[in-house]
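For clarity, chains are labelled A, B, C, D and E in written order, and residue numbers in each chain start from 1.
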Amino acid sequence: MATTKHVKNYIRTQSRQKEKTGSSPGTLIYTGEKRREDVSINIMSYNEKGYTEKVCDVEDNYLKNLPPDNITWINVDGLHEVNVIEKFGEFFNLHPLVLEDILNVNQLPKVDEYQENDIIYITLNEFYFDDGKHNSLDRDQISLVLGKNFLITFQEEEGDYFEAIRDRLRNSKGRIRARGADYLAYTLIDAIVDSYYIVLDKYSERLETIENEIFVSKNEDHVETIHHINKDLIFFRRAIAPLKEVIYQLLKQDIILIQPSSKAFLRDLLDHANQIISQIDVDREFISDLIQTNMTNLNSRLNEIIKVLTLISTIFIPLTFIVGVYGMNFDIFPELHWKYGYFTVWAVMIIITAIQIIIFKKNKWI
Amino acid sequence: MATTKHVKNYIRTQSRQKEKTGSSPGTLIYTGEKRREDVSINIMSYNEKGYTEKVCDVEDNYLKNLPPDNITWINVDGLHEVNVIEKFGEFFNLHPLVLEDILNVNQLPKVDEYQENDIIYITLNEFYFDDGKHNSLDRDQISLVLGKNFLITFQEEEGDYFEAIRDRLRNSKGRIRARGADYLAYTLIDAIVDSYYIVLDKYSERLETIENEIFVSKNEDHVETIHHINKDLIFFRRAIAPLKEVIYQLLKQDIILIQPSSKAFLRDLLDHANQIISQIDVDREFISDLIQTNMTNLNSRLNEIIKVLTLISTIFIPLTFIVGVYGMNFDIFPELHWKYGYFTVWAVMIIITAIQIIIFKKNKWI
Amino acid sequence: MATTKHVKNYIRTQSRQKEKTGSSPGTLIYTGEKRREDVSINIMSYNEKGYTEKVCDVEDNYLKNLPPDNITWINVDGLHEVNVIEKFGEFFNLHPLVLEDILNVNQLPKVDEYQENDIIYITLNEFYFDDGKHNSLDRDQISLVLGKNFLITFQEEEGDYFEAIRDRLRNSKGRIRARGADYLAYTLIDAIVDSYYIVLDKYSERLETIENEIFVSKNEDHVETIHHINKDLIFFRRAIAPLKEVIYQLLKQDIILIQPSSKAFLRDLLDHANQIISQIDVDREFISDLIQTNMTNLNSRLNEIIKVLTLISTIFIPLTFIVGVYGMNFDIFPELHWKYGYFTVWAVMIIITAIQIIIFKKNKWI
Amino acid sequence: MATTKHVKNYIRTQSRQKEKTGSSPGTLIYTGEKRREDVSINIMSYNEKGYTEKVCDVEDNYLKNLPPDNITWINVDGLHEVNVIEKFGEFFNLHPLVLEDILNVNQLPKVDEYQENDIIYITLNEFYFDDGKHNSLDRDQISLVLGKNFLITFQEEEGDYFEAIRDRLRNSKGRIRARGADYLAYTLIDAIVDSYYIVLDKYSERLETIENEIFVSKNEDHVETIHHINKDLIFFRRAIAPLKEVIYQLLKQDIILIQPSSKAFLRDLLDHANQIISQIDVDREFISDLIQTNMTNLNSRLNEIIKVLTLISTIFIPLTFIVGVYGMNFDIFPELHWKYGYFTVWAVMIIITAIQIIIFKKNKWI
Amino acid sequence: MATTKHVKNYIRTQSRQKEKTGSSPGTLIYTGEKRREDVSINIMSYNEKGYTEKVCDVEDNYLKNLPPDNITWINVDGLHEVNVIEKFGEFFNLHPLVLEDILNVNQLPKVDEYQENDIIYITLNEFYFDDGKHNSLDRDQISLVLGKNFLITFQEEEGDYFEAIRDRLRNSKGRIRARGADYLAYTLIDAIVDSYYIVLDKYSERLETIENEIFVSKNEDHVETIHHINKDLIFFRRAIAPLKEVIYQLLKQDIILIQPSSKAFLRDLLDHANQIISQIDVDREFISDLIQTNMTNLNSRLNEIIKVLTLISTIFIPLTFIVGVYGMNFDIFPELHWKYGYFTVWAVMIIITAIQIIIFKKNKWI
């Protein structure tokens, strides 16, 4: 069932690590799902004047002889082939913990600087909202290794916006190609963060719909949907909250790989991250308000229903008693023989009912 | 329907950005609604001795030759004409991110200093409470670009208080005209912040009314209204909370554009911002109290209703049983033939009822 | 009605400012209520050896020629005469913002140092608990302007404890008169802070009473009272919380007007402020506990009531059905003609009732 | 009644101060209850080689001529004799605020260093859990004045563990006697903090009992008990939270009275304080969980009861209607004369009941 | 009963300390349970080239003459033999507080540096989830004493992963044996932290199951289970939260025992600790959501049940009244003698019922 699958998607985020427990820290294991068959390596090398593009193999010589004056962006799709990642580690002399982090795709965003080999390792999460029948949130981890004039990106499956950035590199009138690898890294992170707005929008739309139904259609049956949106937002917030810290570190530390001219862009990014997180918080306050409103509505309706029951019972139970009285079969029963007995009983019952209705009206029950 | 529209107004605050995703950071797109037909540029140039006022076109030469000894305030109404904004960017040599921020009218307050071209960029939100049938909160973004002797303000539609400030500039006995562009910026921000008090007041008034109805008219049907006020205040708070940070930055940093003599005024502004935010927090605590009180009242009333039902049922159901007994048609039924059978039954029923009423009184049910 | 008035007292704290919006910052407007007819200026000038006391007019020459070797305390009652306050501003060369702050009596506590004219401006709130039929909290703003050898206090109406301090000045065996104006300021603030304990005590007493009624008298009808106490405490807390910051600033900054020997007293004051705020927090946690307890009690009682209804219904509805059966008028109805028919029916009904009572006992319903 | 007394014990913590309001800060008033008749002064003077013990009077010459090479511990029981405390102030040249703090026994823990006369003033709270019929928490304030080679402790009534520490001083094989007055102070504070564990344990035990009753005996009537435990823990937490700050100050400041070798012990004390506070927080989260669980159980039971009512009503009300039909006395009533009329009615009623039971089973009501 | 035992396991965490109160700080008492008969000391001494392993006695000479060029790991299982621990204290010259901390197994994680004898003391908690019928969380304390070239680990019973680390030491191709004692300490802590993921996973799985049952099986009876999971997570969080502080201290302080090359590993550990704590927080938010959802479901069902009751009552009570009317035995009762009286009554009743059903449909009750 959809719900069940939905839950499993991320409550277990950490759970694949358990196989690792006890084994040597440093053993390379890919902790995600295999989502594609092969590994694809895409290299884009550019400078202000031009660019070259190449899809190559990890054994390719090209990788070992990158043009030194160009900025090179190497994108690796497919993490399930651990030995390919290991090769990259050798080529670029990456710390064992970097390789481990690339393959452990259940991480929160973080940045690590490795001064000895002059690289910065950044990891982020991409999110996709699956509009289909599952209505669930999917996550992918993307790792960036930023060096002096290269950027390597690792992920299991490439997102849509990478191609858009490649287009900008191809068509650039000089701007993006004129800047360094750090600007390219910024561009990628910016695209990922922008995609968070889309995800957030889906949830805002769904909350709008629910709010509408609660107040307009007076339909209270949204407990489960609200519960799932809430859970998704808890998860989403947790997965992007550390991003602020990541950008702060890139901004504040004496990281020479980030040029001063890029800092204005990073500050802009920080604004976006803050906006997203504060929007999630607002959405969650809004959800808690909806839950409370829903509960109050439920109680309101209960009051309405019980009121109807009480009205009917309070009017008819005494009347039923009265007619019951005159249904008794006593031999000596004076009223039964009165000429206007029957009509008197009706009169009494009508008066009692009238009095009750007046009382109810006064108490604003009807 | 009003509710629906109301919700859309701001839940989607971020959502217009999504078109931008993937496109180059730096592409200029106006993200707001077009609220007026044309673009109007109003220039006010003044010094201690006098002032000139001018409504001009972006192509006007005047813009390029501002009098160097005067303080010049350029107000631009209408952001939908992106190319006009672009021209301003060229004239005043503004950073591409500044132009992007001016046009992206879904931002939280922030301040950015651009030391290279010696300007400060400040963005704020104005709020209008629409008293009409929507009862909704409207928002407008206003951007300030403060230079050495000029201030440029950008917005889609001018608020009322700008004319009041122009009057002060025209009539000044020297005070406002004797001070710099930073004091003019302070005056504008102060007017905007003062307008927040008006918005807050509307909500306080509405909460008062609701509180009154809950306790005096015992009318509980305020769930939806409370929900909307709460949502508005969540939104309002989020949109002005960063203002504190903005003023702190203007105060603390070595910003040479802000003269020391203006700092006392900024500190005063900070007090106001703090007061407004703390008032919103107080209002929200108050709302949460109202919701809880409303819920307790609902339950109290439920108890009342159920008590009536129980009283009536408890008294009449046993009596109905008794009269039912003597309605049975058994051939051999001794009591029916007793002389005082009928009256004995009445006596028994009256005694039972009396005992029940005594028990109810003892338990404080009636 | 009392409730309504009560609410208005402070929800509108900010709302009187709205007239000001748009007008020049710096225009002097008294934002409070006029509570007395005239303005009274009381001057007390003292040193270790003696003291003089004088009630004078703002036009008085005395004000302009204060004895330089004495400590002078000038107390101004009545803020509604704006021009009197303006005169003071001229005499003592006060910053326009100080005058504005004195007259805007809807402020939170704050301290401002004006180094250019060597004064400290402090504003505080006094609170009075009106025991009368309104049971409401009244607030007054008091402003202190502390100079090298003078202290000016401004308020609309003088509190009781000022006279007590004057007595101490008159009777001092040297201690209070031997110290500077900063110690006098401390003495006044200390008296105001001490008065907070009294207010807090009133609320603690009322909460005790309510708690007692809830648990002993089992009376749940305290929703409205609890709501008002909660609102008052929210308001009270907000109005005194900034006091801590005020004392910190007096303690920490290199404020030469505060002598080192007075700092021990200020630290003591800080302890008191902390105690009061933490007591309010404790009271509010206590209120939230009472609300929850009250709700649980309501539900408990509902259970009790419904249980009675269910017991009666469950016992008598089946019995009524049975006697109904034998009230049918079928021609062929064997049981009606049995000799022991009627008694058998009674036996069956008694057995059924007995079984039901046993079941209820087993389920601990009765 | 117990409850009432219990509440008064501490809600009024601050309230005894109100008499003081308006009077001179510095007037000595004992704010606690008189718990013993006389004042007892116990002096213990020791060094590594031996010790002397003495119970003496405040007029005693011994007090004025303490042996200079020994560590002297003076314990004063009985604060109600204000003049005795005043004498101590004179002998040891204590600041007036210290004397005031010793006598105002409603304070939160704090530490004050008086560098001019080289003493540290520390105040703490002792707690006793009264197991008797009140089940309440009792509090006592203990003040420590630590000097170079002396420690004076003030309290209204001596706790049990002081005698244990005296025994350690008497029997010490050199360890405790070999260390300074600061170590003695640590030993006393450590004993007080250890006693907090005992109090906390009482509450943990009671919470266990309640939890057990809620889940095992399904008895929900714990609202009042839970409420009182919660209130006690709120109070307890508030009264010991500042202790952390006290120890931090003893650790961090350049307090020469605390020898470096004692700091390891103070750090250990800090660990204990942290553990206690975090345990209280855990207990309070646990309480809030119990309250919620209790509420859910109440609602669950309500559902159960209502279900029974609905079952009985839904089955028997239609049946009662049917038999009512055939109790009508119309002259022309065909069914009454059918041969199998009566039996058919029974058949119909049995079928209806069977169908209802099947529906209930399908809906999992029974 | 399981529940009871479960609770006792940890609510009493602190309570065993109470025996200690009043006794000398520094007396050695083991505060845990005895879980094994004897004490086992396992020594592993290694360098890059080889290793020796030895199980020995505390009296063994080997302990006193550790090979100076090797890294030695001494693992002590069994803390109940206090004198063995005391011997270790003598051999390695450990501070009395270290010995006390090793034996007091109810501590939160902490690190203490003893510069005088050049060791670091670290204490941590291991957790085991008991899958059996108790479903409870078990805790063990492990103490690490890290010296220049030795690591001593103390615990009552050895966990599984220690043997795995010994295997790595035996089979190491140089990596783990080539590093210092600090790396060995890191490896042990890493294994312990990894085991937290397993515990967390168990809870996530159980929460998934409960969520599934609530939404799919519509079974609300999870109050007790949710309560226990919540309590366990509160406890678990409290017991591992200080771990972050421990790692920070190892990272930040100028601790010479931790080599710079080990710091990257410690930073990695910090990431893990952060992830675990943030996962617990997410789980607890999730639980609070489940509790609320469960409550709403309960109320929803109550509405459903009451609706059925009201429907049946509202339809049949008036009908029963009508048939009651015609069961009266009045002598003069015109309708009874009408030809179509009986059929008219039926017609009226059918019409009334039809109208009611239409009203119910319109109000969306059925």
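Observations, loosely collected:
As a working rule, contacts are C-beta pairs under 8 Å (C-beta built on N, C-alpha and C of every residue); 3 or more make two chains touch, one makes a residue touch a chain.
Everything numeric in this text was worked out from a predicted model, so none of it was measured.
Between chain A and chain B, two chains of identical sequence, the interface residue sets overlap only in part, with shared numbers making up under half of the total.
Per the C-alpha superposition, chain A sits rotated 70 degrees relative to chain E, a value rounded to a multiple of 5.
For the pair chain C and chain D, the distance between C-alpha centroids works out to 26 Å.
A straight line joining the Cα centres of chain C and chain E is 42 Å long.
The multi-chain contact residues of chain A, meaning those touching 2 or more other chains, are 295, 299, 302, 306, 309, 313, 317, 320, 324, 327-329, 333.
If touching chains are joined by edges, the resulting network of the protein chains shown is one closed cycle, each chain touching exactly two neighbours.
Contacts from chain D toward chain E in the complex involve residues 160-161, 164-165, 168, 175-176, 187, 190-191, 194-195, 197-198, 200-201, 204, 207-208, 211-212, 215-216, 264-265, 267-268, 271, 274-276, 278-279, 281-282, 285-286, 289-290, 292-293, 295-297, 299-300, 302-303, 306-307, 309-310, 313-314, 317-318, 320-321, 324-325, 327-334, 365. The residues of chain D lying in touch with chain C in their complex are 1, 3-4, 7-8, 11-15, 17-18, 20-26, 95, 97, 107-108, 110, 112, 220-221, 223-224, 227, 230-231, 234-235, 238, 291, 294-295, 298-299, 301-302, 305-306, 308-309, 312-313, 316-317, 319-320, 323-324, 326-329, 333, 335-337, 339-342, 345.
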